[in-house]
Amino acid sequence: MVLTDTLLELFLETRSTSEQICAPLETEDYVVQPVADVSPPKWHLGHTTWFFEEFILKPYTPGYKLFDESFSFVFNSYYETVGKRVVRANRGNLSRPSVTKIYEYRNYVTNAISVFWQKGRIDKEIAAVLEIGIHHEKQHQELLITDIKFILGHNPLLPAYGNAIEAHEKEETFPEFITIEEGLYTIGHTDASFCYDNEMGAHKVFVNEYQISNSLVTNGDYIDFINDGGYSNFEYWHAEGLDWVKQHQVKAPMYWHFIDDEWHHYTLSGLQKIDKETPLTHISYYEAFAFAQWKGLRLPTEFEWEIASGLFEWGKRWEWTESAYLPYPNYKKPTGALGEYNGKFMVSQKVLRGGSIATPEKHTRNTYRNFFHPSQRWQFTGIRLAK
Amino acid sequence: MVLTDTLLELFLETRSTSEQICAPLETEDYVVQPVADVSPPKWHLGHTTWFFEEFILKPYTPGYKLFDESFSFVFNSYYETVGKRVVRANRGNLSRPSVTKIYEYRNYVTNAISVFWQKGRIDKEIAAVLEIGIHHEKQHQELLITDIKFILGHNPLLPAYGNAIEAHEKEETFPEFITIEEGLYTIGHTDASFCYDNEMGAHKVFVNEYQISNSLVTNGDYIDFINDGGYSNFEYWHAEGLDWVKQHQVKAPMYWHFIDDEWHHYTLSGLQKIDKETPLTHISYYEAFAFAQWKGLRLPTEFEWEIASGLFEWGKRWEWTESAYLPYPNYKKPTGALGEYNGKFMVSQKVLRGGSIATPEKHTRNTYRNFFHPSQRWQFTGIRLAK
Amino acid sequence: MVLTDTLLELFLETRSTSEQICAPLETEDYVVQPVADVSPPKWHLGHTTWFFEEFILKPYTPGYKLFDESFSFVFNSYYETVGKRVVRANRGNLSRPSVTKIYEYRNYVTNAISVFWQKGRIDKEIAAVLEIGIHHEKQHQELLITDIKFILGHNPLLPAYGNAIEAHEKEETFPEFITIEEGLYTIGHTDASFCYDNEMGAHKVFVNEYQISNSLVTNGDYIDFINDGGYSNFEYWHAEGLDWVKQHQVKAPMYWHFIDDEWHHYTLSGLQKIDKETPLTHISYYEAFAFAQWKGLRLPTEFEWEIASGLFEWGKRWEWTESAYLPYPNYKKPTGALGEYNGKFMVSQKVLRGGSIATPEKHTRNTYRNFFHPSQRWQFTGIRLAK
Amino acid sequence: MVLTDTLLELFLETRSTSEQICAPLETEDYVVQPVADVSPPKWHLGHTTWFFEEFILKPYTPGYKLFDESFSFVFNSYYETVGKRVVRANRGNLSRPSVTKIYEYRNYVTNAISVFWQKGRIDKEIAAVLEIGIHHEKQHQELLITDIKFILGHNPLLPAYGNAIEAHEKEETFPEFITIEEGLYTIGHTDASFCYDNEMGAHKVFVNEYQISNSLVTNGDYIDFINDGGYSNFEYWHAEGLDWVKQHQVKAPMYWHFIDDEWHHYTLSGLQKIDKETPLTHISYYEAFAFAQWKGLRLPTEFEWEIASGLFEWGKRWEWTESAYLPYPNYKKPTGALGEYNGKFMVSQKVLRGGSIATPEKHTRNTYRNFFHPSQRWQFTGIRLAK
């Protein structure tokens, strides 16, 4: 972390980018929450702003006047340390504060941080929090995109977002398996650049020799799985995965529609025919695992992925790994509210590695550990096989 | 029903009034649905418009071009006759069509009806449907008000709607019981004016001598019930009512808050201290029944209410009666979609009589049979006692 | 009520009959509770015994020693007055007290009542409670039979109970409609014989001229309804009924199975082919209503049923009426625990009249008001049509 | 696996032991299922028998006559390969087959296996299945004990099972931490003795230096955690764990009751005061993790546990580890129904190591991988700390 104007620029760029992501929306699109996982865009805009107010302006700028006393209650996500909050599933019930008011709130806080910076009062400790706040907002930029996709893609009118995020991206023509030798490898973040607490604690891991694909599973591969009865053959599934398939009557990835004997899917550009050569996306871990079983292969562990990551291209899809999300050796939760960022989710989640077309530039790295519950699939998730 | 320009004027006035009710709203307020019973205001605006399109313009105006093919799916409420529809509880997940688009839809349909009228093509049969459509929209005007109150009154910011609907209205100073002699009385709608199918079939009912209060139960009366432990004494409650109290931890009417040792309530003008002399409102049938038991009295039947209705003022509150919502003798559901208006709800509901401060002028009468499930209380419900 | 030895004889006969009903059971059959509505037979045996202990022996016999202190908690059904109790849905989780222990409990209490009687200490007031206790146990005898049928009829082995309760009983060959003139009729219990509080308060009711069938709807009639698509045509159903059909995927009465192209049903004698001339049974109010709509007819009100009841045979089926279960004029709940018997259920229930093949002899009369929620159908319910 | 009479003896001893475990039960205790996780004892007796019939007698003994055709439906647990089955949560709704019938079934199958054995027809392949069947039944013996404890321990009468399983067992007086050097260790089953598929695939694992306690956390330690507000301080909990605590209002381990200012717990010998020096049991992974956080320590991984297991006594409690239940490298599910034994549960579960006072003799080993969902605590679970 460098205390130059770069950080302020990064801050301002980040604030601006969040708003650009929302530019194509109608006011109404900012408000709804079709399922608990998907937050209203206006909530993301407010919550990322509250983070700067709560963890920088409030504690460090004497005489700072909160934009609105009640916003802490409305925009706190899960920080038990900082008091009560709106239950997650109720975010979509809140018509107020209005979108206009939230943009005013954003400007108010962005300006206050800029002024605070320009006064030269930001020391190293505060700058570290500012940097986390920036990365926090970048994480929410990805959620903004996936949540907007969910909101529009589950509307019966299937409106397009009108953006080129999901451009056509055929996968490598010649998929091959790369062999990695057995041995002791170092895992985790090692240099001085920014990373989250869950990546630290670099440590040695022994792995057997293994092979990992240089490319992602494509839509065409997955259609073969569907056509071969993949969803109804229990042999490929975890018991919990099969229950999930039955309960939700899952027959295809999220956003797929079978129309006139052909698979289509909703994209941010609207409904389109499936391109068989594009990397598969919007599948749960359960589906990723079942697909691999069907292939007679497996998913890589997060260690295998990290070790080989210099040998293939990655960043189009969050790639499900076989690893559970667990603390690295010597992991310690930071104290205070920021300690709630990662550690308390280290149970019942799977690790995803890589990044996706919705991930902000430079907001991922080969040690980055993303995590989701095995049933979740509204992110741009995908599959890379190993053996 | 008179085929004069009065009907067109009534139509235009009704269309305009719905929009005036929504004038104080922010765009975001049109969108949310905090509970399944409460529809988003934009849905009401669209649905009442769809009714005219579906039941008049589509069948009777040759060459009529639907404003948007998909709106039938979005704005159908419960008419099985006319096809599929969005599940009620999902109305709040729809950000599109936008509010602007819905106002365009309203103008398009209002104009089409006006043109149709001016061409003189509306015969008696069509006019009857038009009249139902007008009354249907007036019913939704009342729901608009109660749904807006719910949306704003359950927002943690408790924003005011800024309107004088809930003005101060003290109840009569000298409550008295009126005695009605036993005898055979005629119940139901008898003249040629508009009424719903469920009021027709005027018939004789024998009632014993009874007494009915000339005034409504007040907030002060109800505070006495609360203070006397009314909510925790099982003797006053139906078994089902007690389960409801326990499950939802009910301790007071909807919108009541106990702040600094005093009862307040959210009103359309914002949070206010409770006025003890104002008629009680926002209570369920279960609470109305328990209150009456506590008083050693009872609720009137809908017949007792109707017979005595000329002898007291009514119209401030929908008054829970002891009567279940059942068909009158010789009741026949109309055929077709309009037959789904009332008849299919004639089970597990209680009748409310009167009208409320949210009821549009002339949209109630002493034979009007409103009905809700015994647990519902977001309407302006109230209590009149009998013995 | 007569204070002769008849009452003691009736008591002893009733105690004995309950046990005879259970004689064909295996010990395991006494224990299970497949759904909340169906109580384990051993619970019925204990609960009816507890009633005599709680309301007679405990208050009136000085020095009475409870059989077991904890049984009040285990065998109280819903009497809030007498303290805490096992949640209804958990009755089937209790393996103890054992069946043997419950039979000991029965003997202990039966003997104690007999001794108390023989000492001549039972005055009129106590005798009235005793009489209620006897009728209470007779009510539970009917529930024993229907609950046993549910337990065995939902076991995949479909074991027979081995009893002649559901003997073949063809319905009248010539169904006819009886016409009743309009007029004022007296409804309710009028003489000095035993009845429940909900039948009292005899009062005048005016009814229009109507017609009522002299016979019950048969299985054959109902198969016609099914074959005509009755379950899938929304026009015949209440909205709430249709939701029930969809949610539970109802396609036939309870216990019906379509095997090898023919309708069979589980009876207490095991699986049998449906006899088309036998009165239909095990249908909900929703189904009864839909069937009547399909026929272009309706269900009678409980008043119409009672007025005409002398003109047709009844007692094979509990006949759904169109009436909601509401208090008669001047109904007052008795004070104390016995006041919880009927009054607190007077919401959201429909009245059934008649009696069934499972009703103990002399335990019904033409003023008897049975009541169930419109979805319940494990009793021997049936349909009589009116117009 | 040795093809001597030892295997038959082991088989016969195992069959007999299951029945001895049930000897103290009343017939009714065999039937109930208070929660989905807890199966009725008669189901365990039938299911373990069905396993031998389905996987040995049916495929390998020509002309074998099934005891009852319907038992496959009733006693299949989760083997999708072998057809339909009773939904797990409904096992407690089945009064039939009766306990007597199930004992007949046991004898029938035990005899058939013995005869088959004595005919000398059991080759190595069949013997391997027989051995799995024996170990399968031993696993169910442990479940029998924990399920019986749940059934009796959740009965309001708190009846004793009357057995010495939970004898007093104070923990070591001088708890110490053992230090293990960093290095590459081999994990997994290596010799020829019996083990499950999930233990195979011995492989190298690198671990940092760590310390692990030589003794288990005691009741006294845990009371300190409770008294220090452990259940209400969110800092110690996973987010998912805290939700679990709130939803179920957890305030202590399962079976604990706070009576007259002192902690008691239900044991198989009935209600007793808590002994502070006995190892804690019946806690979930969430509680184990929170306790460790409160102590400033952590749970060991399953690798750390296995590596150090020769240096401490184990076998009193199933010890929660920090490890998720995942396949070892090169793990392959066996084909066919036996492949459903372990592999399909390898998601959302935590590994427990050791064994408990309810584990049959010789039915555990230091490579044994038990697994449960983090919320489950009706097994004899416990905590060993690491750092």
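The letters A, B, C and D name the chains in turn, as written, and every chain counts its residues from 1.
Assume contacts are C-beta pairs under 8 Å (C-beta built on N, C-alpha and C of every residue); 3 or more make two chains touch, one makes a residue touch a chain.
Per UniProt, the chains are A, B, C, D = Ergothioneine biosynthesis protein EgtB.
Quantities reported herein were computed from a predicted structural model and do not represent experimental measurements.
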**Study point:** Most widely separated chain from subunit B, with each centre as the mean of CA atoms
**Key:** D
Practice item. Measure off the straight-line distance from the CA centroid of subunit A to the CA centroid of subunit D, and report it in whole Å. Key: 37
Check your understanding: Roughly how many whole angstrom separate the Cα centroids of subunit A and subunit B?
Key -> 45
Point to revise | Computed distance of Cα centres, subunit D from subunit B, in Å | key: 58
Check your understanding: What positions in subunit D touch 2 or more of the other chains?
Key -> none
Revision key, fill the gap. Chain pairs satisfying touch are A-B, A-D, B-C, C-D
Review point. In their shared complex, at which residues does subunit B touch subunit A?
Key: 26-34, 42, 70, 73-74, 86, 90, 92-99, 151-152, 154-157, 159
Exercise for review: Show which residues of subunit A lie in contact with subunit D when the two form their complex.
Suggested key: 78, 80-81, 184, 203-206, 208, 234-235, 237-242, 285-286, 289, 322-324, 326-327, 329-330, 339, 344-348, 350, 374
